[in-house]
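The chains carry the letters A, B and C, assigned in the order they are written, with residues numbered from 1 in each.
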Amino acid sequence: MRVLVLLRLAARGVGRNARRSMLTAAAMVLGLALLIFSRALSDGGHEQWIDSAVRMGSGHVAIQAPGYLETGKLEHRLDGEQVGVAVEAIESLAPELGVLTWAPRLSVNGLASSAASALPVRIEGVDPGREATFSDFESKLQEGRYLQAGDGLHAFVGAELARRLDLEVGNRFVLTAQSASGDVEGQLVRVAGIFRTAVMELDEGLVHMPIETARSWLGTEGAATTVAVLVEPSVRTDGVAAQLAGRLGSDTGVRVLGWRESSPDLDSAVRIDDYGDYIFHIILFAIIALAILNAVLISVLGRRREFGILRAMGLTGFETGVVVFIEGLLLTAASGVVGMVLGFAFTWGFFRDGLDFSGLMDSEMSFSGSVIDPVIVPFFQLQQVLVSVYFILIIGSLASLYPALRASKLDPAEAMKFEQ
Amino acid sequence: MSGTTVGPRWNRHLAVLGIVSLLTAPPVAGQTAREILEEVDQLLRGESSQGLVTMEIVTAHWARELEMEVWSLGIDHSLVRVRSPAREAGTSTLKAGQEVWNYLPRVDRTIKVPPAMMMGSWMGSHFTNDDLVKESSIVDDYDFEIMFEGDRRGVEVWEFELIPKPEAPVVWGKVEYQVRKSDLMPTWVLYYDESGELMRTMTFSEYRSMGGRLVPARMDVVPSDKPEERTSLIYHELAFDIGLDESFFSLRNLRSSR
Amino acid sequence: MASDGMWWRVAWRNLWRNSHRTWITASGLAVGYFASIVLIGLTDGMSAELVENGTRLMVGQVQVHSGEYLPERNVHHTIGGYDGTDVDALLARIEESADVEHAAPRLFGGGLLSSGELTQAALLLGVDPERESRVSTLLSTLTDGRLPVPGAFEVLVGSEMARQLEVSVGDELVIVAPAADGSMGNDLYTVAGVFYTGTPGIDGNYAILPVVDLQYLMAMNPGRIHEIVTTVTRSRDTPAIASALGQSLSQGNLQLDVKPWTELRPELAEALALMDSMNLLIVIVIFAMAIFGVANTMLIGTFERRREFAVIRALGTTRRGVSRTVVYEGIILGLISLLIGALVTWPIMVWWHNTPPDLSQWFEGFEWSGAQWRPILRVEYSADGPIVTALALLLTTVFAAVYPAWKATRVPPADALADR
């Protein structure tokens, strides 16, 4: 078969009618660019939800004692030795796994009382140095400062809690909780700083204190309820969790949890939103496919005469079809490249720093323990981009198939008739 | 469910259950504030008492009067039983160590007050359940200073300023306490938060001899943010060293109505 | 100058002269319409789901309280003060309003639930079981047992509360609550049922009993309630309905405070605003693609007809005449396509709306800003969306046809005929 000839004919067919080719290609280019844009935006949104929730929650990966997730009780804690083993395992992970940082936490439920009132709270003993980079409460600071290395009787409290207890920076208040021995113990602390996160449960019920103070108060030397690990990007969570579980083994009596297990609410939220995106993308794909198909079909209809000439020049019906198909492939390939570049350029050029929805909100808001930042920063995942490109190529190829079929079945005599 | 306040334990203790025990220290000339209070604190421990008390509670929404019988042993144990009104007769509260139990005769059940409710009001008064349980002693928690010594409206008094020690698990910023020099009877206690705002006022009056000791038979507590509200305790009978031991403060005894 | 009717006839005949092209273009339009309507319907369905779940479970759409009740929710501030009010008369007055569907009374309290050795603090909610079932879904969440019978000392507890207290249907429960007269109300109750709402704050904290039983426990007379919850006919107009209801109720001697859900749950209203804006972005993307597809197909189709226009011009038709035909063609084509689109779209939408697919097999429900999200993919439709979409697509069709036609008619007929 005269493949080269057909190829040349196809190339000439694309080039000769530049306007028509451009219009057909435009459908694919725009479709792909929109896909890349919307995908990056929704992935960026998810990444931000997850990041926000796990930083304030128990990390992308949490190492805990069995039973802690279900009960949240101090009796299910990691002792000093287990904490050491866990930390060693985390530190030994390869850097390319994407582990950003880790932080130990010792959490109990208790009561915070001031001269004005008393309220139930979640008390988290944290390592101030590590926590500062982990949960990023620094950026939620309203007054005072976050905990620092060397702090003793300091506490970092939610703004709503501080308001209800009538506390200001420097004020004393008493935390009461059941210690490891089962006795109810009081611990004096002073407000070092006040934060506001927009997550109501945190603002009205979370207290951070230095983990060493918490350990001696609760009689749990060296212990932690969770060793939280931060991973970037979040898709590496499962890899890191599997590696850690492998290294820690089953005999250490610890449990390794990914954020999907430790925050099922967030998991459902992301999955449902993903599902919404799938529907949206299916609809978008369908429209793109139809736009391409229509563009190609219409141009085939208008080119009957041209095909008639090809046939008259000695090409078989099949070869005519091949020419049309190759034309479609050429257009699709070119559009794929241009669309991808355009999609990146558009998203990167205009929304590198995020698409700002803040004009639509009076204040920050939250769901499932995550603060929703009204500015969505696009997040490109190579895999997602490739999937989009792949789909466009498939659609483009399929859309060229039918016109090719039609062109091959054209009756040359009929086609050569003068315009209808 | 208004959570009111926590106080340094003896004040609370004094306020609610064992008020009189505190006031048994004989006046000794030349003692420092700390020595006086330490002695009082020592006396408290191991002392048993029994009394009959009326509790008047006035709030913005209702007022009521309860007549109660009270037993106590030192600072760790006490038992309170309501005698009237009839609707609530037999309702009892047991404090043993850090736990508080209620007995409800109407449903014949004992209920342990859960940690989350420790800040709830005790019997609708301006005391919380937690007020009954706080354990540590005043001498351990506060630094003392005599901030005034002399004549107040014709009475020679001491006025102490109690500042919580830096690490003491105490919510107050400052406590002020006035005592008559002549007989060591307290006249008032003022509780402040850290910004110096008065949170609650406790006043003593009607000093009488009961069970062989001089005691203020009446005490009123007024929360500063609601000055129209108050809880008053008025003692009618009191006896000391009645030979109770820890076994008296049992769940079984809590249930037994008499 | 020929009559207008003639141009319409010419346009009509032109359309069917090349029926292939017409059908291809029409299909693009119809699918674009379908996709846009389905997508708008889906996003509206998601919002409606959130509003309804956020309000139907507990909040209702409009709440009536004593003017003093909010925000402290002091137990003593019942409607009508210490004496209460004629609840039935007030409910009747509220239900007189044409916009109010149903109304139900509620009484709140706090107390202890105790079973055996176990005791938990609880929020007590007194309801009229029959009326409550009409304004909220709370009582329909029973997983076990039945509704409590008024006066029989029966209570419903949340699933988490039941777990904590280790009780099930038929077990006895002591409820202790501070009463309105300062006494400690206490009575023995039977667990009539266990409910599971999926919202942890409700399942772990609430006990529900008939309002008369709670009034008795709290030593309140039968005229004392804290809240009247109503549902309204048009949830979108809740703020207006609430203020109208407030106006009409202010004529009595009761000091009443009437609030719409947007004020009771501002964070939900904000969450919806944000979601709406993100959905708008998605709708714009889909819409842009649909319009582009239609425009593209029209453009190519019209360009392909240059020769045809040239012939018509050569035969003496004015440029205005050609343009007019093309506009009419576009209008006819657009109307036919949209009619087809609507005929396909609407039955599907109605069917979808009435039998939304339940995805709970694949997804768990989750909480979003305090609103429970059922994994149901539902659609909602409104009048304006389809009309705006149809108009936009019609205009697109016409403009996309006229522009190339207008340009084509400027080319000297000879050049066009020679395909230069």
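Brief remarks follow.
In the analysis below, a residue touches a chain if its C-beta (ideal position, glycine included) is under 8 Å from a C-beta of that chain, and two chains touch if they have at least 3 such contacts.
Please read these numbers as outputs of a predicted model, since none were measured by experiment.
The most distant chain from chain A is B, comparing centres defined as mean Cα coordinates. Across A-C and A-B, it is A-C that has more C-beta pairs touching. Centre-to-centre, using mean CA coordinates, chain A is 58 Å away from chain B.
Separating the centre of chain A from that of chain C, both taken as means of CA atoms, is a distance of 27 Å. Residue positions of chain B with contacts to 2 or more other chains are 116.
Multi-chain contact residues, meaning those touching two or more other chains, do not occur anywhere in chain A. The part of chain C that touches chain A in the complex is made up of residues 17-18, 20-21, 24-25, 27-28, 31-32, 35, 38-39, 42, 46, 266-267, 270-271, 273-274, 277-278, 281-282, 285-286, 288-290, 292-293, 296-297, 299-301, 303-305, 307-308, 311, 359, 363-369, 373, 375, 377. On the chain A side of its complex with chain C, the touching residues are 19-20, 23-24, 26-27, 30-31, 34, 37-38, 41, 45, 200, 264-265, 268-269, 271-272, 275-276, 279-280, 283-284, 286-288, 290-291, 294-295, 297-299, 301-303, 355, 357, 360-363, 365-368, 372, 374, 419-420.
Those residues of chain A that touch chain B in the shared complex are 110-111, 113-120, 153, 166, 168, 170-174, 176, 178, 183-184, 186-188.
Contacts from chain B toward chain A in the complex involve residues 3, 5-6, 98, 115-116, 118-119, 128, 130, 136, 164, 166-173, 191-195, 199. The touching residues of chain B, when paired with chain C in their complex, are 1, 57, 59-64, 85, 87-88, 91, 102, 104, 106-107, 109, 111-114, 116-117, 120-121, 123-124.
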